[in-house]
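To start, the structure itself, in structure tokens.
Chain nomenclature is as follows: A, B, C and D, assigned in order of appearance, with residue numbering initiated at 1 for each chain independently.
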Amino acid sequence: MNFDIIRCGRAVLHVTDLDRSRAFYEALGFIETESDEENLFLRGLEEHNHHSLWLKKRSEPVTEVISYKVRTDADLDELESFYKKQGQDVKWMEVGSQKALGRSLRVMDVASMPVEYYAEMETVERLLQRYDLYKGAKVQRIDHFNCMVSNVEQAHNYYIDELGFACSEYTAGEEEKIWAAWLHRKPSVHDVAFMNGPGPRLHHVGFWLKDPMSLIDGCDVLASMGYGPNIERGPGRHGLSNAFFLYLRDPDGHRIELYNGDYLTSDPDFKPIRWDLNDPMRQTFWGHEAPDSWFEEASEVLDVHSGKKQSLEEPLLKKRKPNFVI
Amino acid sequence: MNFDIIRCGRAVLHVTDLDRSRAFYEALGFIETESDEENLFLRGLEEHNHHSLWLKKRSEPVTEVISYKVRTDADLDELESFYKKQGQDVKWMEVGSQKALGRSLRVMDVASMPVEYYAEMETVERLLQRYDLYKGAKVQRIDHFNCMVSNVEQAHNYYIDELGFACSEYTAGEEEKIWAAWLHRKPSVHDVAFMNGPGPRLHHVGFWLKDPMSLIDGCDVLASMGYGPNIERGPGRHGLSNAFFLYLRDPDGHRIELYNGDYLTSDPDFKPIRWDLNDPMRQTFWGHEAPDSWFEEASEVLDVHSGKKQSLEEPLLKKRKPNFVI
Amino acid sequence: MNFDIIRCGRAVLHVTDLDRSRAFYEALGFIETESDEENLFLRGLEEHNHHSLWLKKRSEPVTEVISYKVRTDADLDELESFYKKQGQDVKWMEVGSQKALGRSLRVMDVASMPVEYYAEMETVERLLQRYDLYKGAKVQRIDHFNCMVSNVEQAHNYYIDELGFACSEYTAGEEEKIWAAWLHRKPSVHDVAFMNGPGPRLHHVGFWLKDPMSLIDGCDVLASMGYGPNIERGPGRHGLSNAFFLYLRDPDGHRIELYNGDYLTSDPDFKPIRWDLNDPMRQTFWGHEAPDSWFEEASEVLDVHSGKKQSLEEPLLKKRKPNFVI
Amino acid sequence: MNFDIIRCGRAVLHVTDLDRSRAFYEALGFIETESDEENLFLRGLEEHNHHSLWLKKRSEPVTEVISYKVRTDADLDELESFYKKQGQDVKWMEVGSQKALGRSLRVMDVASMPVEYYAEMETVERLLQRYDLYKGAKVQRIDHFNCMVSNVEQAHNYYIDELGFACSEYTAGEEEKIWAAWLHRKPSVHDVAFMNGPGPRLHHVGFWLKDPMSLIDGCDVLASMGYGPNIERGPGRHGLSNAFFLYLRDPDGHRIELYNGDYLTSDPDFKPIRWDLNDPMRQTFWGHEAPDSWFEEASEVLDVHSGKKQSLEEPLLKKRKPNFVI
């Protein structure tokens, strides 16, 4: 490869009521970098970039795009060449067309997810040591995207072979087909995960917390403000990834994961860890079942070219959930 | 009253396999004070008394008795007089008949629970600062009993008016009848709670942890040792009592609560806090539902006189569970 | 005894700048119940009483009085009789003379500390489950007073024999004389401690935190707001009491302890734990030295009758500090 | 550069009594991979490689070498070419000459520190989810080396320009000369730091913990086992790096840092953070002073060619400590 994808960078989500969203995300501990009547830019406490979550006011909640940061501006040209060689259309977003961002390249990825690459985002004050501003779950930074797609194995192979990702862990389903895969560029468990289901859809955006107590604090603060019903699943420990997790639904139903407990995946000789789909400790190390909504609901996504919602395809593997929760 | 009940003191449970029980409770972080082929005496890390949990090997799991510590030996005579005046039989357990215990008085309480009073228990080394022995959830001390009984309001009134307990919090069910009550002698939320259901049964014994992270650590350690299926409910926050909780089923099905997050109830002018049965934040502040087993299953209890299992009575209030989990 | 002291209740401290004090105590996580130009009433998150800390604006920082809550109003009359029999003057503070308080009785105690008893304080909203208001170290409630006095053994004996306190732990100094003692009414390690030094002075007021992470959070928040220089000692673990502690100096130099890690002292057969003054694990379980200021500085106290500052007496025991920090 | 250094990998330290060392490091929570009469190989709970700390029994405590993992075996040849071009000798350690390691290349670095590169180390069971084996501070993995050297600026420039490291934070001393620098290959704050002082010496090896409570637990466990005197500094928060830290001296005086609280440094546009040497929040965010020993003592190092101890050079910058601790 002639390009270098650094990490997952930001998500652009459509929401229907910015004030309602702002109240929720501020309760969670996000920092508002700036906003206007149509846009709300949020970041975590350790982020030195302008935002990792861009909420746009629109009539319908949907995922516009998920964005990766690349090393240099030249990497964008390399990515354009790469995608064109593959016979895929690309869409350039010029400087100035998006707040705080340099030019970017948008494409539909192999799993029909709307994906964007950018090299430059405006730098703002990092608030890591402004502990007086810590609130809620004290969200630190974006960690990963999780996508529900119809052909996980195809996405897995493409991201590894063509885009230079590495696999940290995966779930084997029917006939050893890959049912879910965790892939990374930065040396954490993942920048993006793919799981089997009707897709393309964005299952959740994961944000990293500094420690497990921040997650417990987050639950207490959210509940005390009336957001108890927004807690969908957890707290618990994933067997896969070892993460201490909490899943939330924002006021428009977009799913956010609070996440702590990762490990370092820097080594080229690290062997991907295989989990069986029906291993009861895979989903939840402590043995808890996930609610059906977690397996069934996800945010639909736009086509970067048409601007319209992508239609869903049935998943290649029939099992949509592990046995033990069916 | 002429007697002074200090606090809940110990539970005596019958189990069917001592080795299996030992493995479970040691994983949880209990300290074994001593044992033989028929008995296992366990205590928490800060306890200076011989045991707070006595497991007896028998053919069937059942609760033999729950025991309260009183201030002086003379209080036992006063309690005998009190119960006799009420027309109730008492049963003396003489010194030497129970390991490490002075003489004790056993009675069937107003709710037909087998209850025992004792003033003296042998002192052993307190291990509070032996952090090198801390394991699992690092269980510190016994905190409370929770009893499922058919007439909660009667038990509530009796324990307050006749035995000198105070109510910290309660749940109002149909027509403002008391559906559950938390009663204390030591100034914590409770030494004993009563909840509406087919009874008399022991719902659980609660043990106090030093902090929330010990509970998370406990989950991880238990799961890594194969005890994931023993985690019945939690971790979560009770609205009622504010406790950060975890419910476990021991290998015989006895329920143990790990508990942290109480508050001080020392003040005579503290007003009992009322919760509506169907308030979704009562059971779980974060809004999680409890599994049906938590509402339906509990340990049956022996009659202190006949030594036989008590038969169950249907509860006075029809609702056995809050609406939102039905 | 014919009276029942429930617990330490509140401290009344003089400060020189209410705004400066407010900023500091709010950063720590206290809740302001009310204030005017001369008074600031603060409480912890779980307190249902009007205040546990009353700051009065005066020209000089000093401790006006430390107050204990008794069971009933009649206990105050019993205390008056008791003190009069001992030949001591008492001072009644009538209802209305102190904000939110019933009538109270003030006396100079055996160690010449200004002490007050009250039965009634106005009830306000308890904010235990208003996690959205939690800040800084999330101070929960008042826990204890620590007094530096010239004759610790005398105070120890008097509080136990005459006032009904129990000793949880003590430090033996020269010739087995008591160098410091921890005494309680509520079943925690202490409501009041006495330590050897030029006195009478108030060494610190201790406030209880819900867990160790709240103390770490408190350090981070205070430091981020410029209060780093107010952190005098810790965080650390006391060998004596097992407390995880932090000592702070407020803007007027009054010392506040943040405190977590206590144990239950309910049992009449609990034997006081003896520590040698020079045991390096007594002061700090992890072996850290305390700064000299911690041994030498404390808040001077007023005479409840004259309203003037008490003069200091040299301590009976010569050693003012453990050897290992000299 | 034609080589790719992945991360700091292991340290090889000489100790005088393996049993004494084993007891200490096991108390800390390290896992022993294997050992014989002369060697002890230790790793953290998440490490899938054979060891990150190799203790060799020798007559005198000293640092033999600090080792970095590179991407491929071919990178070792590239590094040989690089160092030879610079006119430096290299020393090959052939396969089989070191337990569990492929061939490695040893050199004296620009600061005269003994440095080693390797691509392959034997894989062993990763114990991340064996929570039943967690002990003490539950050490997870090696994080960084800290070296005291006479010319920090030279080392800083060389590691960045020639070896491809990036600087996350640095301390400016006299005339804006670099007094200390934190440099990384993996996207954490550092794989290696250099600080001004008589050198070359190894100041400490840093190990990463999963959360702040593990550090507190570590203090308690170490103290309860008699290792209180081995706690040299902390717990505290570094302003620089934001780490929650604890410094320990092992039985031979080698310094170990327990470390949590890092942030992600993946972005090429991340600007190194500058701290003034005398900023009181640099060393310790909460304002604590470090003991003199921390600034003065460090492990001497061997010459990889002669096998003899390197002599010390005086540091280029005169100030060996910040003003506020002098």
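Just so it is clear, a contact is a pair of C-beta atoms (placed from the backbone, for glycine too) under 8 Å apart; a residue touches a chain by one contact, two chains touch by 3 or more.
If you're wondering where the values come from, they're calculated on a predicted model, not measured in any experiment.
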| query | Starting at chain A, how many touch steps does it take at minimum to reach chain C? | reply | 1
| So which has more C-beta pairs touching, A-D or A-B? | A-D
| message | Can you compute the centre-to-centre distance for chain A and chain B, using the mean CA position of each chain? Integer Å is fine. | response | 44
| chain B to chain D: how many Å between their CA centres? | 50
| remark: Note: chain D sits from chain A at a C-alpha centroid distance in Å of 33
| note | Going by residue number, chain D touches two or more other chains at 129, 211-213, 220, 223-224, 285
| query | In the complex of these two chains, what residues of chain C are touching chain D? | reply | 212-213, 216, 219-220, 222-224, 228-229, 231, 235, 237, 244, 280-281, 285-288
| remark: The chain B residues in contact with chain C across the complex are 6-7, 46, 48-49, 69, 71-72, 120, 123, 128-129, 140-141, 186-187, 210-213, 239, 242, 260-261, 263-264, 266-271, 285
| remark: chain B partner, complex, touching residues on chain D are 27, 129-132, 134, 211, 213, 217, 220-221, 223-225
